[in-house]
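There are structures below to look over.
In the two complexes below, chain A is the common chain; its partner is chain B in one and chain C in the other.
Let's look at the complex of A and B:
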């Protein structure tokens, strides 16, 4: 109960600081639209190819937007050395980490709220419940993994290099399963999405449990 | 310098000799495959290397868990050695598989579940070694790497079961399913034993290198600490 209120307090702090500066979300929103513009030139889009190409564009954009968002999650703490201060409090490192991950996940959801309608608008693909739920479920697992490695690389040299290297391989399960669900939801590919939903939930549980077990070794060193 | 070999050199010579024995079983003892011809002989080393890589990454996993639990430097050095040797064996597996795939599938690479997951495995442990290089040496590098090693190991069962979980073009398990003729099975088991011994020797040698590297680093630190105090006493 105490850990939960600590996590919520940390998340509230991060969201408040983002609300005051308004740096990350507008930048990510622009990034997302730019990525769609580039995809438009890189692929040959028409009404026939759009359902096949749009899911790939969605995940490519989401993955790179996520890397930027999670990389920033610990940047401010590093610049002001405030993480050390937070760790000096009796709060459990796992609770602090959960708060950071929650805030970063919510910021990515805001970014998805730009990406998904923009994708549907520009590429004329349906935005079904299956698509939205697959993206949101994948966001949970991607956020805990992304924040874990962001906390790690915040303390090493060449952090911009290392974050994608560590994070992307572990995001692949979410992209495999979520990607398939989005393909089905947009009218390409075959098969149902019900198994994808339960698999994504399983993966979310697995990675939330694992990261909460190891978070203290990454934060408190 | 004595001309006698130390235990590591002896073990290395033994491992090389055993690999030559395994080559004899692969190329002389095992019969030619009726369908695939000589290319099938890649199978023996390809599968053995994959199993050796699994073993190495299990060493990384266990070393990482023990390090996080007990802060034991031996466990960390063992994990370091396992990651490097495992990466070498994953490379061998991938390259051998590609050489086999070209004549059999007509292409070096296809985005098959097992090939893809093995490539991801390679990238994960390459990332592990990158963390070791970029993090502050000592406790931080060991802790961070242990976390990567624990998460990375999730991909090992994915690689292993990929041929049963997804529809793939990669051949399924032939050894457990009793699909091999007796001579091929013998050749495979001997190759596997020799490869596992080679992997163990490589880990042992790498472990020794890690010990010596750590000792050298400690000596540099000790010397840096000692010099000012000596200068202070002469003045």
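Let's look at the complex of A and C:
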């Protein structure tokens, strides 16, 4: 119970800081719209091929937006030397990590709220429940992995280079499975989305548990 | 009873030796000033005492508990003011402390009390980023005593504090064990009956007891 209240306090603090400074979300929202504009002109598509191309554009945009969002989660703390102040309390490092990951995931969800309607608009693809649920489920797993590696590389000078190198290989399952679910949701793939959704939930549970166990060693060295 | 007992503490960063076989004992309620030039190892020693770093070798016990294996238990009893304030600049002074109340498991009612103690009651609602450097340092000191720690570890807390800074430090150190790193011999003389000088990571001579001469 105490861990939950600590996680919520950390998430609330991060969201309040972002709300006041508006450093990340407006920049990310602009980035996702620009990425879609570029993809719109870069790909030759029509109403038949759009459902096959749009999921790829969606995941590419989401991956790069996620790298920026999760990278900032711990880099800002390190720059202000505030992470150490947090860790020098009796609060469990796993709870602090969970709060950071929750806030970063919610910030990415805000960007997704811009990305998904814009994608539907630019590519003229349906925005179904399956599409939204696949993206949200993938966001959970991507957030915990992204934040774990962001915490790991935050003290390294070349963190902007290292974060994608460490994170992207582990995001591949989310991109592959989520991509399939989104394709089906947009009417391009065959079969249902239920098995992809179940797999995404399994992956989320696996990585949430794993990162919670590892977070202590990463944060509190 | 000893609050801090360190034996042969060493800290290496690659080939650089930051602390070399430092022995230290601080009695409960005692105030110790650690003096030394830049790079002498003061911050490294204080970070180890505050459980922010683990020594490469040697042992340290705080309130009878091993500082490496009992870090989380000890952290509830230690207040640490680091070299940089480490505040959330977008949050107000009060919000900064309220957040740490949640982490420390302390009642929020303590915030107003601490803000008054450090002289920031009038600017409680102002964002930490809009406070002067001295006020930020006061806020960092307030955060360190928020949970009423038995041991206070202060790394050059006088940096950027105004003329009332020494009085503030005396107030927060009262009734607590305190280890303070400073360049200011006059401040050390005023706040601490005992000093220890570090030079190139080693204790330079036997810890000294100072006598305040009026």
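Assume the second predicted complex is superposed on the first by the 221 of 221 C-alpha atoms of A that agree within 3 Å, B and C clash if a C-alpha of one lies under 4 Å from a C-alpha of the other, contacts with A are read in each partner's own complex, and residues count from 1 in each chain.
In the analysis below, a contact is a pair of C-beta atoms (placed from the backbone, for glycine too) under 8 Å apart; a residue touches a chain by one contact, two chains touch by 3 or more.
If you're wondering where the values come from, they're calculated on a predicted model, not measured in any experiment.
Asker: According to the stated criteria, A:72 is in contact with first (chain B), second (chain C), both, or neither; which is it?
Answerer: The answer is neither, since A:72 touches no partner chain.
Asker: So, does A:152 touch the first partner chain B, the second partner chain C, both, or neither?
Answerer: The answer is first: A:152 touches chain B but not chain C.
Asker: Classify the contacts of A:91 with the two partner chains as first (chain B alone), second (chain C alone), both, or neither.
Answerer: The second partner, chain C, only.
Asker: Using the superposition on chain A as set up above, list the residues of chain A that contact both chain B and chain C.
Answerer: 221
Asker: Which residues of chain A touch chain C in the complex?
Answerer: 2, 5-6, 9-10, 13, 16-17, 20-21, 80-92, 96, 220-221
Asker: For the complex, give me every residue of chain C touching chain A.
Answerer: 50-52, 54, 71-73, 75-76, 78, 80, 82-91, 95, 99-100, 102-105, 127, 143, 147
Asker: Under the touch definition given earlier, write down the residues of chain A that touch chain B in their complex.
Answerer: Per the stated touch rule, the residues are 145, 148, 152, 155-158, 161-162, 165-166, 168-170, 172-173, 206, 210, 214, 217-218, 221.
Asker: Residues of chain B touching chain A in their complex?
Answerer: Residue list for chain B touching chain A: 68, 120, 123-124, 126-127, 130-131, 134-136, 139-140, 143-144, 146-148, 150-152, 154-155, 158.
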